Structure formats: C-alpha cells, structure tokens
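Input: structures, listed below.
Below are two complexes that have chain A in common, paired first with chain B and then with chain C.
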Partner chain A sequence: MTKPNTGALDPQQSANSEIKSYATGFVVSLALTVGAFAALLSDLPATWKVALICVAALLQIVAHLRNFLHLSFSGRQSREDLLLVLFSVSLLAIMAGGTWYIMSDLSGRMHQASDSNAATHDVPTR
Partner chain B sequence: MSESNLYPGLNLGDTHGEAHDQAETTVFGFWVFLMSDLIIFGILFAAYAAYLNPMGLAGGPGPNDLFDIKSVAIQTAFLLVGGVAYAGVSLGVKYKKGRAKLVAWLFLCAMLGTGFLFFEVKDFLSQASEGGTPQASGWLSAYWALVGLHGVHVFSGIMWILAMIGQIATRGIDDVVKVRLSMLGVFWHFLDLIWVGIFSFVFLVPLA
Partner chain C sequence: MSGGTSPIFGNLDWNVTPYTDLLRDVNSSTIVGAGAASVLVLGGIATLLLFSWMRWWGPLYRNWLTSPDAKKIGIMYIALALVMLARGIIEGFVMRAHQATALGTLAQPEGGLVAPDHFAQLFSTHGTIMIFFVAMPLLIGLINFVLPQQLGARDMAFPVLNQVSLGLTAAGAGLIMISLLVGQFGTGGWTMYPPYTGKIFSPGEGVDYWLWAILISGMGSTLTGMNFAVTIFKERAPGMHFMRMPLFCWTSLCVAIMLIYAMPALTVSSAMLALDRYADFHFFTNDAGGNMMNYANIFWMFGHPEVYILILPAFGVFSEISSTFSGKRLYGYTSLVIASMSIAVISFTVWLHHFFTMGQSAGVNIAFGIATMIIGIPTGVKIYDWMATMWRGRVRITTPIVYLTGFFLLFVIGGLSGIILANPSIDYQVHNSTFLVAHFHNVIIPGVLYGMLAGIHYWFPKAFGFRLSETWGRRTAYLFVGGFVFTFMPLYVLGLMGMPRRSPTFQNPDFMPWMYIAAFGGVLMLCALASLTWTFWTSYRNRAALAVPGGDPWNGSTLEWSTPAPVPEWTFPCIPQVTARNEWGERKRAGDPWQAPAEYTDIEMPANTAHGLLIAIAAFALGFAMVWHIWWLAILSLLAIPGMVALRGMRVIEPTIIPAAEVEQADRRFRQQIASLTPVTRADEETERNRGVPDISEFAG
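Right, the complex of A and B next:
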C-alpha cells in the first residue's frame, strides 16, 4: 500500500501466493484421491461408487489444470492458449466420446441380434 | 500473480527478460504437442472403455483377477507427490534459488517417478504371470497400451529430468535451460493429470 503503483510486483508476495496455489492444489488433489479410493472400498451401491469416482476425477483434473498447469479462464491467459486447449478438448470429446458411444451401441445390438436369432431359430425347429 | 501470463504453465515472469519472451513461443509449441498426446491418450481411454464388457474380456482374466488396489494407491501417491515436487523446480527457477536447490528438487522428482515405475512394472510382471498378457483379450490389449504408454512417458520424463540435471551442471541456469525446465514442468504435471484419469477410469471404475 505504501509503494507507488508502478505495476511491479513484490517478488516475495507473488512467491507466497504461488506456493499457496500449489499447496491448495496438493491438498485438494489428495482429498479427491483419498475420496475416490474410499468410495471404492465403501458399501455403497455400484452406481454410486462409479458416480463418485467420476466426479472426483473430473474435479481433480480441474484442480491440476488450475493449480499445477496454471491454466486460467480469466483475462490473464492469452487467447491462443485457451483456444488450443478448448479445441483439443472438443476434438477429444467428439473422437473418444463418439468411439465409446458407437462401440457400446454396437455391442448392445450384437448381443440383441444373437439373442433374437437364437430365438427365431428355435421357433421353426420346435 | 496479477502479471500477465504469456503461456499456460508457471510463467518465468518479466524479471527473466529474454527467457520469458523466448518461453512464450517455445512453451506454446510444446503445449501443441501435449494436446496431440492428449488425443492419443483419450482415444486409448475410449478403446479401454469399449472393451470393458464380457466380449472384450474374451474369457480371459478380468479387473478383479488382475488389479491390486493397494499397489495402485502407492503408485498414485508417488506420482501425485512427484508432480507437486516439481513446484520446487518451477519456483526455484523463477525466484533464482540457485543451482543446488534446483538439482535437489529435480532429483526428488526423478526418485518419486522411479518409485512409481518400480511398482507399475512389478504389477505388469505379476499380471503377465497370471495370464494377463496383452494378447489374452481385447480388454488387456487396451489396458497394456494405455497404462504402458503412460509408463513410457514417465520413463522419458525421468530421462529428461536427468538430462536437465546434466545441463544445469554444465551450462548453468541460462535462458535455454530455463525455457527447457518450463517445458519439462508442463510435461511432468501433464503426466500426473493423465494418471488421474487412469487410476479413476482404468482401475477404480471397473472394480466398483
């Protein structure tokens, strides 16, 4: 407050806030990791376990991006970097999500097809 | 932290002059590589998920037969602490803490990465001896490809760390070394991020 506002930062102050940011990231990651393992070992129904593990993973990925990789959605980030990451993530969502959707859909249809084939095969021979 | 960030990752800051500007293009280029790496990992995750059904298992050993949750927890701890330890390197470069401290932090990261790899390889060997080889089923092919690729990344990360220790010893902490350490930091944290996906979706979800 006593210094003139020249835009220069006190290095000690910014070092402290950066250490704090890493420490926050570590504590959050640790809590989410322990939470995910605890969910697995708990007596909850399987769908609850899967949901909790997925939510913990997504939150931890956000924490890593924010606190360790220092990605930010605020104005401090240059535009190109955000566009690069967002574009890659949307490509990934299309390719990985699409692959998973198509393959699980196909697998479901093939199971059904073989079941109904067996059923229709049974009818005439009976 | 109100200074402007030229690139994602911990910025060197204006006090580093030339190196800070040089880092902008170089680290951005490295991010482009990492994003292509992310796509590869993402597709392998999708393949793994697609094979996670009775047909994908093809009568071979499954998650409950092969996965050792304790070992996964140990590997996760090694990698998480190893990732956070790189903060010591990044902040050490930025605030000019000197060679000895930097090398010590780098060495710590390399040791924790090696600990991770030790348990991962141990798991791979025991899984292979229980019939969980990559050729046993589609699910196991996807598992070995995904987790194995991550392991190869961690190994190359350790090699990179050792190379940087060598460069700090011979060149000192000049602009080139600073920029390379910035890239290594992004790489090392990225591996940690991929591992979050692996321990959650590859190990925990199928066991749930």
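Right, the complex of A and C next:
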C-alpha cells in the first residue's frame, strides 16, 4: 500500500494552484471577518447588524469548504461531496429549525405578556 | 479558596484535598472521600513501582504510548475504559449503600453513609464517567481495533490524529480522576444544567472540572468520528462495496456520522457555559437576557444522538456474534443496514423528549413524542433480525451469547419503558423520578455494557493471541445480568412510588425493602467487576492452554479472522481482494482459505511518534490550569498545542518500511503453523483443542 490515496497528483504541479486556492480563501475569510466586526461597530440598526453578521458567517463557511476543504461539485468526488453537503444541510436545518421551534414556543409562553424587553434576548420571539 | 488567586499556584492551596476535610471532621462521608483519594494515590504509586520493578517504562513508551497503530490505540482506549469502569461501578455501589441507609427520621432528617454534597458529587462523577469515559472509550476502542481489520484496511486513515484523539480522551479522564484528590467535583449531575452550575450558585472548581474534561475529550471524540468516516469511505479493500461491509462496519459508519454532527453541540453548550463562568457572559444566567432553557436544548441536541452513538456499536457486535455463534448467515442484512441508518438520522429529531416538562406547549411535546416512538421501530426490526439469525442455528452458549440473551430479555424491557416515557402525559408523572434512572440504566447496561463486553470477549484472541476463560466469562456475564436485575428493577417500583432521582435522603419507610434489594444488586455488580478482573487474570495465567495461533477460534466469516492471533502490526500481508459479503466465509466454502498471497511487497507503516502523548500532556495541563485559574500555565499549554501541530506540519516525516522479506517470513511461518494444527469442531470449541483453526467443512455462515 505504498500508493498515495490522494488521487495521485503530481505534488509539484498542484502546489501552485493549491497555494492560490488557500490564499484566496484566507483573504476572503479575513475580509468577511473584518466585515462582521465593521458591521458590529457601525451605527446600523440591531436587526441589520445581526443579519449582516449571519450572512458573513454563512459566506465564510462556503469559503472554508471550497478553498480549504476542497469541496467541489465537479470532478471525481462530486457525487460524494454533494451528498455530504445535502446531509449536513438537512441535519443543520433540523437542529437550527428545531431550536427555533422550541425556543420560540418557550419564549412565547414565558414572555407573552411582557414588553419589548423580551425582543432583545438571544431567543427569537414570535 | 480563601484569599486571592496566587499568580503561580492559582487557587490551589493545601486545603483542597479530602484529607483536610477528614482532619476537620471525621465522619463516614469524609472517610469515604479520603478512602477514595487514597485508593487513587496508592494505586498510582503501586503502578509506578510495578512498572519500574518490571522495567516496563521503555516498552510502554516505545510499543504503546507512541504507537500510531489503530489496533494498539484501540486496546489502550479499552484499558482506559476498564479502569474508569471500576471507579464508576464502585461509585454506583457507594450510592446504593448510601440510599439503603438514608431514611431520614423526625429526629434526624438527614442520614446515610455520605453527606448530601458528597452524594451529589458521586452521582455527577458516576454519570460523567460512565458516559464519557467508559462507554465512549469502550466503543471507540473496539471500533479502532476491529474496523480496519474488517474493512481489509492496513490502518486508520489518519493514524496520528487517532493518537491525538486517544490523548485528548485520556486527558479528560485524567482531569476527572485528579478531581478525586485535588478539590471537589461539580454537583449538578452529569448534564450540569445552569443556572445552578453558573458562577453564582456553583462558585468553586467543581463545574470547571466537568467543563474542561468534556471540552477536551469531546474534541477528541469529534476527531475520532472524522477519522472513522474517512477510513470507511476511503480505506476499504478493493471490492469491499458498501453492501459487502460487515454489519459492525455499518454501525461504525453511523457512529462516525453521529459523532461528527452531535459532538460539536456538546462543545458549543459547554463552551457557552465556560464563557458564562469565566468571562461573565450571560448565555444561561437568570438575568441580563440569559436563557438557561437553551442549555438544555443544545445539550440534548448532542445528548440524544449520543445515546445511539453508545448503542449502535453494541448492535454491530450483536450482529456479528449472533451469526458466528449460531453458525448461520446473518438474517436480514439489508434490513439491518437500513435500520441502523434510520436510527442514525432519526436520533437527531427526538432530543426534546429529555425536557418534556420544561414548559413548552403540548404541540411541541407531541411532535417530539411521536418522533421518539418512531425510533423504536428500527430497533425492534433489529431485535427480530438477531432472533431470526439464531432461529434453528446450532447456537453455542459461549460468553457473548450469554450477554446477547441477557440483552434480548432486558433491553426490550428498557426499550418498552422508553416508549412509555415517550408519551409526554406519562412523562409528566414519572419525570425526574428513579423510574427514569431505571429506564436509562436498563438500556445502557444491557445494551452498551453487555455489547461491549461481548465484543471484548469475541475479539480478545485477535488482540492477544489467547481466548478468555469461558467459565469465568460466563460467570461474569451471569453476575452482570443478575446485578442489573436486582439493582435497577426496584428503581422502577421506587420511581412509581414517587421517589425523586438524586435524593440524598427520603422520609418514606415503604421505600426501604426496595432499597435493600437494590443495594444487594450493587453488591452483585461489585462481584461482577471482581469476576471480570479475575477473568482477565486467570486467562492470562492459562494463556498457553488458551492460545489460538491459527487466528480463527470461532469459525468466523469476516476478514479479521483470516490473520494470525495476535494479529501482526501490518494486519494483512497483502491487501485482500474482496468478492463477496462474507469474504472469509466464502473462501472457506470454496476450499482452502489459507492460501498464501502470490507476492509480497514492502509495507509502509506510519512511524512511531510522541505527538499524541505531548498534545495529551498539554491538554491536561490546560484543563487543570483553567480549573485552578493558573493563568500562566493555561496560556503556555494553549499555545503549545497549535505550536506542536504546526511544528509537525513543517517536518518531513518518513514512514517505517517493513521489508517484503520480513513479511514473507512471518506469513509463511503462519501458513505452516495452520497446516500443522488440527482443525477443531464446534463441539470442541471451548476445549484446549481449539488452536484457532476451525473445521471448515462445518462452516455454514
């Protein structure tokens, strides 16, 4: 088993494109992180800040998967990668959606009568 | 904890050991506490002396601690788990003994062997240890040992990462162990629900011990999950299609997926609680916008898949042994695969049933109640499949089959009490009572513990070259079955009588008969532990008579039985070509299965490295330093971990090459030995005539 199992690419040849991909990913991630902090420190309304930070986070996930973890939908592993993404997304949807469902229900029962104070909690309110 | 935080020793001073408690106040509780610490200290000293006396330090370091071999890592995981199991069982016994003496009276409302705070520490450590440092290392160890062999792979996909995972788990276990001697453990139960475990209500070091043990070992488990998944996807032998994989590999795949997606939830909830405690965050506090209900939500998002992470490898073991020891092909392979995968996915949709009574509306409860009942269906399918596998087979009542029978009888009861609890309206009546305690012990002991012990018994010859004593193995199994029945069946009754779980005291004399029965069960569990230890010892002493150099003592049908016992470092002299589902069985059917490979090649193995060991030491130092607020050490070890990873990344590391000649020589010797040994029939399987070469004409799997 001395054969490498990484798709038998010539390391010298692929090194250039590898470094390019990592560098792009790094720059994009850095920009998105700085962007999130900039959004936080800006004078935008709170809802906008949260939305911007969430979008930056999601984009950063995509950048990491694409540039660092070599996820792609074309080529030898496209089918496996697609299944992986679909499975992950469905599980994350169950977790995030379930949390939303449970916590908003609880929040509704806890804070229904209270004022807008409840809206500043980290729990989504109805 | 008096005075300020010292810059060098943090919050540590001489008042943190149980001995100072004993000096301050001599009673049964402090005696038990100091006794436990003494066992730890004396055990440690005895181990040090034994290893020095036998000159084992060198071999231990060279052959084990620095080895990236998945088989050795698996064995080390299991050794760690068995040590922790001993502590867990003893703690369980102390709790049973306490409750049997804890009837309060008007004159003396609190009684019993240990103080209430000590009792709370006992149930917290017992739960934490049994879940995270017994069940998890047992199953991860077993998968590490078996999975590559069954897949026809040389090793795990990432051998050094595997070492790091083991190191992180051991570091977590070390933190739990040291809490016996230095300071107190948390009193919030194994789930450590805030706000009670927040800084305001639990200011000491106890919760921090739990947090860092969980954060560190949880990271290890996540990495292990990734390692397993990549191994199964990328390292299968040629021809080993997914639908040709043995069932144990399938359940390992399910476990890997669940580890990857569930463990981060635990890391997140623990990290949030840590931020609350260390950095004055307000995720789970009562005021300032905190919401402690979200802790339960995130924790159980991990916690429920965890239950199936624990049970699925046991299901895999039972699939293997029901087929092997009945001399029959596994019934309903496809349905078992589908059932395992269904369980893996549905287990992510049921977490709310752990907090039905938290106050959400009925609709939410019903949705999760229904999901919970649905997950019982695939499990039922599996039970029927195993019974059908054994139906009309020539079943040999070996130790694993005793465990399997105990599992059939008891696990079904546990599963049914789970279905009862899945109904929110019933759950409201019995939640937080010992009925629940009985339920989850009823699935975890007959499920996980019996499954893992059966697996250890089944694969032990592969690891060490000799079988375990069947007589003592069966005695241990009977004791575990009896111990379980006597300890936990009374808890169902007590729960229905209204006894809350985790009570240090109670006032109802009607509880006492059941408490005594449960305490007797605790004694049986202790006996089972002693018997388990004796099984290993007596088998080791009789290792010559029990040796099975042929490597196939049970007439198995999967690939791991094609190699010698103990299995060589390189496992397969030549990676096998797989043509059928039960490859080894098909080769037996076709005639002589022990044919030498056509040619031998050099084998490349990962070189030994101390990487995992060093990271484990740094992780332990980090956890300990954070618990005691020794900031300089915390910063140092936190920087050391990425530093070591980066350093290793920059070095060129040459693998070890095992020359073809050496492999050929060992393999030829093995083939000659096979030819010289007399095949053993099933009837003689337990006798000394079993040298690991079965009578292949009897093979019917």
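Criterion: the second predicted complex is superposed on the first by the 93 of 126 C-alpha atoms of A that agree within 3 Å, B and C clash if a C-alpha of one lies under 4 Å from a C-alpha of the other, contacts with A are read in each partner's own complex, and residues count from 1 in each chain.
As a convention for this text, a contact is a pair of C-beta atoms (placed from the backbone, for glycine too) under 8 Å apart; a residue touches a chain by one contact, two chains touch by 3 or more.
The shown structure was predicted, so the numbers you read here are calculated from the model rather than taken from an experiment.
**Q** Between chain B and chain C, pick out the one touching the greater number of residues of chain A.
**A** Ranking chain B and chain C by residues of chain A touched puts B first.
**Q** Does chain B (first) or chain C (second) touch A:His64, or do both, or does neither?
**A** So A:His64 only meets chain B here.
**Q** After superposition on the shared chain, which partner residues are touched by A:Asp43: those of chain B (first), chain C (second), both, or neither?
**A** Neither chain B nor chain C is touched by A:Asp43.
**Q** Quick check for you: in the superposed arrangement, does A:Met103 touch first (chain B), second (chain C), both or neither?
**A** After superposing on A, A:Met103 lies in contact with both chain B and chain C.
**Q** Give one of first, second, both or neither to describe whether A:Leu91 is in contact with chain B, with chain C, with both, or with none.
**A** In the superposed model, A:Leu91 contacts both chain B and chain C.
**Q** Looking at A:Glu80, would you say it contacts chain B, chain C, both, or neither? Reply first, second, both or neither.
**A** The answer is both, since A:Glu80 touches chain B and chain C.
**Q** What part of chain A is shared between its chain B contacts and its chain C contacts?
**A** 80, 88, 91, 95, 99, 103, 107, 110
**Q** Write out the stretch or stretches of chain A touching chain B in their complex.
**A** Of all residues in chain A, those touching chain B are 9, 11, 14-15, 17-19, 21-22, 25-26, 29-30, 33, 36-37, 39-41, 46, 49-50, 53-54, 56-57, 60-61, 64-65, 68-72, 76-78, 80-81, 84-85, 88-89, 91-92, 95-97, 99-100, 103-104, 107, 110.
**Q** Please output the residues of chain B touching chain A within their complex, sorted ascending.
**A** Touching chain A: residues 1-11, 13, 15, 28, 31-32, 35-36, 38-39, 42-43, 45-47, 49-50, 53, 55, 69, 73, 76, 80, 83-84, 87, 91, 94-95, 186, 189-190, 192-193, 196-197, 199-201, 204-205, 207-208 of chain B.
**Q** What residues of chain C sit close enough to touch chain A in their complex?
**A** By the definition above, chain C touches chain A via 154, 233-235, 257, 261, 265, 283, 289, 291, 293-294, 297-298, 301, 345, 348-349, 351-352, 358-361, 363-364, 575, 601-604.
**Q** For chain A, which residues are in contact with chain C within the complex?
**A** 1-2, 5, 80, 87-88, 91, 94-95, 98-99, 101-103, 105-110, 120-123
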